[in-house]
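Same chain, two partners: subunit A is paired with subunit B first, then with subunit C.
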Partner chain A sequence: MIGNIDMSLVDWSRAQFALTAVYHWLFVPLTLGLSFMLAIMETIYVKTGREEWKRITRFWMTLFGINFAIGIATGIILEFEFGTNWSNYSWFVGDIFGAPLAIEGILAFFLESTFVAVMFFGWNKVNKKFHLVSTWLVAVGANLSALWILVANAWMQHPVGMIFNPDTARNEMVNFWAVLFNQVAVDKFLHTISSGFLLASMFVLGISAWYLIRKREEQMAKKSILVAGVFGLLSSLMVAYTGDESARTVSKVQPVKFASMEALYEGKNNAGLIAFGVLKDTDKKIGEKKVKEFAFKIQIPGLLSVLTGGDRDAYVPGLKDHISGNEKLGIVSTAEKMQRGKYAREILTSYIKSRLNNDSAQISAIKGVFRDNDFQNKYFRYFGYASIEKPEDVIPNVTTSFYSFHLMVVLGFLFIMIFSVALYLLFKGTISDNRWFLWIALLSIPLPYIAGELGWLLTEIGRQPWIIQDMMTVSKAVSQISTGSVITTFILFAVLFTGLLISEVSIMIKQIKTGPKH
Partner chain B sequence: MISQLFLQHYWWIIVSILASLLVFLMFVQGGQSMIYSLPENSTQKTMIVNTMGRKWEFTFTTLVTFGGAFFASFPLFYATSFGGAYWVWIAILFSFTIQAIAYEFRSKPNNVLGQKTFDFFLFLNGSLGPFLIGVAVATFFTGAMFTLDQMNQVHWATHWYGLEALLNMRNLSLGFAVLFLARINGVLYIINTLDEEDLVKRSVKALITNSIPFLIFFLFFVICLLFSKGFAADPMTGTITIEKFKYIHNLIQMPVVLILFLLGVISVLYGIGITILRKSLSGIWFSGAGTVLTVFSLFLIAGFNETSFYPSLFDLQSSLTIRNASSSLFTLKTMMYVSFIIPLVIAYIWYAWKAINNNKITEAEMNSEEHKY
Partner chain C sequence: MKPNNSLLNRVFHFYYDGFRNMSGWGRRVWVIILIKLFIIIVILKIFFFQDFLYKNWHNDKERSEHVLDQLTNSSDNYDR
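Coming up: the complex of A and B.
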């Protein structure tokens, strides 16, 4: 871990993981949301006994099936890539990170995979109620699996519930509940699954709109819009609420990411919330990194201070505060953190040497240091900073963070409007006549996908250079394999995933054009 | 007071159970590997694909859970093997990725790549998946080329990153044994679930032709294993030494494992025998149970009785044991509580499996089924 790292290996390993994650997230949200919508539709069928609801359920189930398998396929690669491409990371935090992945398999995947077979093939083999329960369990299983993987991801953003063990040179879990109920995990889970619900709702709304445009399957389309409209509106409101909560948490636990996503270089009181802005390069620098400025912005005065600090006068720290430090606010400078991190690393190196030399007195003395809370809180918590070369390296890509965040927020508000209008027109009975809206609904299908990817872009780019916030940089986490191997597998997976995506979209379009079976 | 050593053994048992279930459930892959040779016409092919296709998620999920459980309980193995034997694991992953979508896409109109491509994906996964998993598991006995530094981080000693395992005859023999076992279980499952006389007859013939190579490869592996040197760990110091006949010693010193192993092998042979000789339809249950017992006992002799379950051929003292590769006491204990739910999981899988398999799959069902692969 202390040795030199080939940066091109790190970059390709990141590219491969990002590729897999981006493709995975193209398929999973639809599974998360559509599974619940299927359960709702089938519940209406079982309650009312009306065959048309069964037909509607089975139609959307066909599309669900096409999407389901590819989500699973990309998911397995993600899980194993932690080992294949990030083996140093896997050891350093496997004691904590592995548990949620194992629980995901035991509690969630089996639930999902067992009952998805009943859901697809059980229509004529099991009774109505058992089938309905199976459909609900698929939805619960899919969303439970999201819970555990998001708990794992949240821990990378905000590591809690562990202690470093110098004997094993790794972090070890000491509080499972702290890991599970990590504030970042709670926010992330609620925000992510509700974004999946939203996406699925837009998918159903958009396709139903297409049927109305083509004057086909009008009854099915209107009933689907009813479910999608209600589910989508509730989901989009939940997305907005949980997004706000999530941003507040980020401001506390990942303040550098927060300042980057607001492009806030200078901290200030009465800080405004940027509603819209365009960034431009300047000649100013923090260290060797160029500072961005707004070429144009629309902001709501004071709102950022209110949202993060509770009142307009609250001071919101900027990137410069985090790099140079702010004594008044108790913010330690990055240079100081780097010093402390290096000291912690020296202590660890001494410990390893003492063990090799069987120097029991020294071993005992250093163990005492590791048990000391002061050492843990003031020094070892900055262990990862020992790998940082320049203070400004802890600033993530501001342009990407800023635009991905703000575009996602704008889209989030657009979704609330679209679902509201859909429900209004549906209840008014004029939705079929408003072709302009039907086209908007149809063309909006890709937007939640874009919003979801932007969200993950912000989450992961905004966390850089860390793989585990403040504890381990991405470059130290990578597996020591040849760059050529990773490049080869990157190309292999890129071709495979792209081919599968094209196939899926093509099959999906054909099934939609064919429509439900009569 | 539960000790860490107890939990290390407990979790090795859980991982072993998952591994043995995975090998049994690879009857799905075994069936896939025969989609070109077993059916006589396209209807029979559709029936085979749909029979296997209704169970592919179980195999897939078991593989994922096996990986997750290994990560949680023995993270040093996860980091070492996956991070070093890169190409073996990537090839396994690749083969399972193309399987998942092949079922869902193969018969759908406008699937771009064409049904033949997706059928080839099924064949590739069916052949490559069990073989490579067999090779990977064989390295638990034959070792791998790695070293761990002071921070327990892996450095692979060859530029083949795992592919060198394919040059070892013992690894290859277990790979082929697992492949042919999967094919045996595949045909036994087809015999059990399909209502198609001609296909059942062809399956019995295929059972014979697959049983012979299975026995050859399996016996070769077992004989080599029993007479080979093993990697023993000193429980006090953790020092790894080479021990002659280590795995025979393990079987003698753990008679229960020996009995499980023999029962497993006999049960597999019995399942094959009653199908060929008595035209029984229940061979899969005997062969399946036998597969689980055999693989389970092999895993136990790999990891129990102070044995290194992932020996390093490059740096003997970097070898992994269940003691030095495990998670902390706290994590193992937490995960143990989670594992208590496993009987419930097995119960609902059994219930749902029975509900779907109540009636045999017929040609008529293939023609009427809306969700057809």
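Coming up: the complex of A and C.
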């Protein structure tokens, strides 16, 4: 059954998924954040009764509407790709993925067909309070919708709350709450929505800055900057806090990804956090994989130990510890995990043979093994290692992981500074005079988009070679379809999404130039 | 004749008036939405994104057997 499929099938399938996800993520975060900003602005309008705030809300609602409409349904393509390109994976994850995605679909349908319509069509038709409630429900609904997708993604990073059924070849959910409150899901949800809030704040700040540069709509721009500045500063602090929490969780559940993020090959006590670093190639190797070293680095001594272990002397394991194992720390070597994975695969193979031979005694005995917690925790959790050829294959691309993480962190601190300066200049009453800052704010609009994409790059590249951490490799997940059709759809998507992006930007620019209705 | 003030009627008119009085940008994005949905749901789904397992195997038993075969095969699903 297994044919000789070209290696490029996996690469093209990955590239196609990455392209779709990257474009999809250009539309989503603005919806997440701007919906809450609209709710805040409209609340001020309802509370104060000042028409100025209604005008401001309606202007930003127009831009929200453009983004919402263009972005809607771009995520459906990802679901198509699961069924076509990643069928083994789709089947294997079973209802763990299906349940959250179904909830998301239902939520999105009700949200989009009702409350979004009230938001846009309901001005002067429904009473003020009902309209306000609808705007808040759109914001809450959009963010809850994101929750379910992130729960599904978190399960791929840290699979919990399920048991594998050898009869159906699917993982079955046994604990919904464990899946929902998976620590990775909680961290990911909070970090992602706060990054969306930040991005929307920068969007509002940057466009308002443009109006001030052009000396237009100054009252609206300053009021918008007030909301964007406060919301943006709080969001960027929340992004920093949740990012730190997220990194701690990664250090526990995806330690190889964590070591790669820091390019930490040798574990150490009193490990420093790299504030800035440049990597270079060396002749040293782990197995056949080349080791990177720092050509230059600035580090904060002891901070990595403090952040992960609670004190300066805490030992932070490096990539070598995870590959070779560290008995003192209870780290199982990759070679041992490969043995355990192969054992789990042998048991599964015996089960298939028993089924073919109708050996009911053997079937019943092996089913018992699969229900045994010891087998699940010690062996089946490493099932994916059975497909690993060499221990060093579990190391992701260190260069990409390191730079995407550190650039994201640098940008995070830059955002805190920008929002702080915006508020300082606004309260000082000199924001319109400081054109240098207005230009920085305007030119910073793309930066949170870049930071968000870098975050996803780290999440997904840092997890390689796994599609489901420790349980399934990417190469096992792919369907045997023709590479040509994947290339065709890749090009189709590139054209479709680029067209959508151009449409969005051009319609938005036109509306921004038109400005709010007087 | 008594005007029809049922909830259904009011909801219908709410949407009807909303779409009729839509601004220029609203009309433009609706055109984009419809083109996009046509491409995604009609062209992509039907011609390019058929579910691989549902297309090639008749029932869940066969599908699970295929996936088990893939999972237990010692080589990757592609040649390096």
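Definition applied: the second predicted complex is superposed on the first by the 507 of 518 C-alpha atoms of A that agree within 3 Å, B and C clash if a C-alpha of one lies under 4 Å from a C-alpha of the other, contacts with A are read in each partner's own complex, and residues count from 1 in each chain.
Note that contacts are C-beta pairs under 8 Å (C-beta built on N, C-alpha and C of every residue); 3 or more make two chains touch, one makes a residue touch a chain.
Note that this is a predicted model, so its numbers are computed, not measured.
Engineer: After superposition on the shared chain, which partner residues are touched by A:475: those of subunit B (first), subunit C (second), both, or neither?
Structural biologist: Second partner only.
Engineer: Report the partner of subunit A that touches more of its residues: subunit B or subunit C.
Structural biologist: Of subunit B and subunit C, the partner in contact with more residues of subunit A is B.
Engineer: On the A-aligned overlay, A:507 touches which partner chain: subunit B = first, subunit C = second, or both, or neither?
Structural biologist: both
Engineer: In the overlaid three-chain picture, which partner chain does A:110 touch, first (subunit B) or second (subunit C), both, or neither?
Structural biologist: In the superposition, A:110 touches subunit B alone.
Engineer: With the two structures laid over each other on chain A, which partner does A:485 touch: subunit B (first), subunit C (second), both, or neither?
Structural biologist: Both partners.
Engineer: Determine, under the contact definition given at the top, whether A:417 touches first (subunit B), second (subunit C), both, or neither.
Structural biologist: In the superposition, A:417 touches no partner, neither subunit B nor subunit C.
Engineer: Is A:173 in contact with subunit B, with subunit C, with both, or with neither (first, second, both, neither)?
Structural biologist: Only subunit B; A:173 stays clear of subunit C.
Engineer: Return first, second, both or neither, reflecting whether A:101 touches subunit B, subunit C, both chains, or no partner chain.
Structural biologist: Only subunit B is touched by A:101; subunit C is not.
Engineer: Check whether A:91 is in contact with subunit B, with subunit C, with both or with neither, and answer first, second, both or neither.
Structural biologist: In the superposed model, A:91 contacts both subunit B and subunit C.
Engineer: For A:387 in the superposed arrangement: first (subunit B), second (subunit C), both or neither?
Structural biologist: A:387: touches subunit C, not subunit B.
Engineer: Could you list which residues of subunit A make contact with subunit B in one structure and with subunit C in the other?
Structural biologist: After superposing on chain A, subunit A residues 1-2, 62, 65-66, 69-70, 72-73, 76-77, 80, 83-85, 87-88, 90-91, 117, 120-122, 125, 168-170, 352, 479-481, 485, 489, 492, 496, 500, 503, 507, 510-511 contact both subunit B and subunit C.
Engineer: Over in the complex, which subunit A residues touch subunit B? Could you list them?
Structural biologist: Residues 1-2, 58, 61-62, 65-66, 68-70, 72-77, 79-80, 82-88, 90-91, 94-99, 101-107, 109-118, 120-123, 125-126, 130, 134, 165, 168-170, 172-174, 176, 352, 356, 479-482, 485, 489, 492-493, 496, 499-500, 502-504, 506-507, 509-511, 514, 517 of subunit A touch subunit B in their complex.
Engineer: Could you please specify the touching residues of subunit C with respect to subunit A in the complex?
Structural biologist: It comes out as residues 14-15, 17-19, 23, 25-26, 28-30, 32-33, 36-37, 39-41, 44-45, 48-54, 60, 63-80.
Engineer: Spell out the part of subunit A that touches subunit C in their complex, as residue ranges.
Structural biologist: Touching subunit C from subunit A are residues 1-2, 4-7, 9-10, 62, 65-66, 69-70, 72-73, 76-77, 80-81, 83-85, 87-88, 90-92, 117, 120-122, 125, 166-170, 345, 348-349, 352, 383, 386-387, 473, 475-476, 478-481, 485, 488-489, 492, 496, 500, 503, 507, 510-511.
Engineer: Once bound in the complex, which stretches of subunit B touch subunit A?
Structural biologist: Answer in residue numbers: 54-55, 57-58, 60-61, 63-69, 71-73, 75-76, 78-84, 86-87, 89-90, 93-94, 96-101, 103-105, 108-113, 150-156, 159, 161, 327-328, 330-331, 334-335, 338-339, 341-342, 345, 348-349, 352-353, 355-356, 358-359, 369-371.
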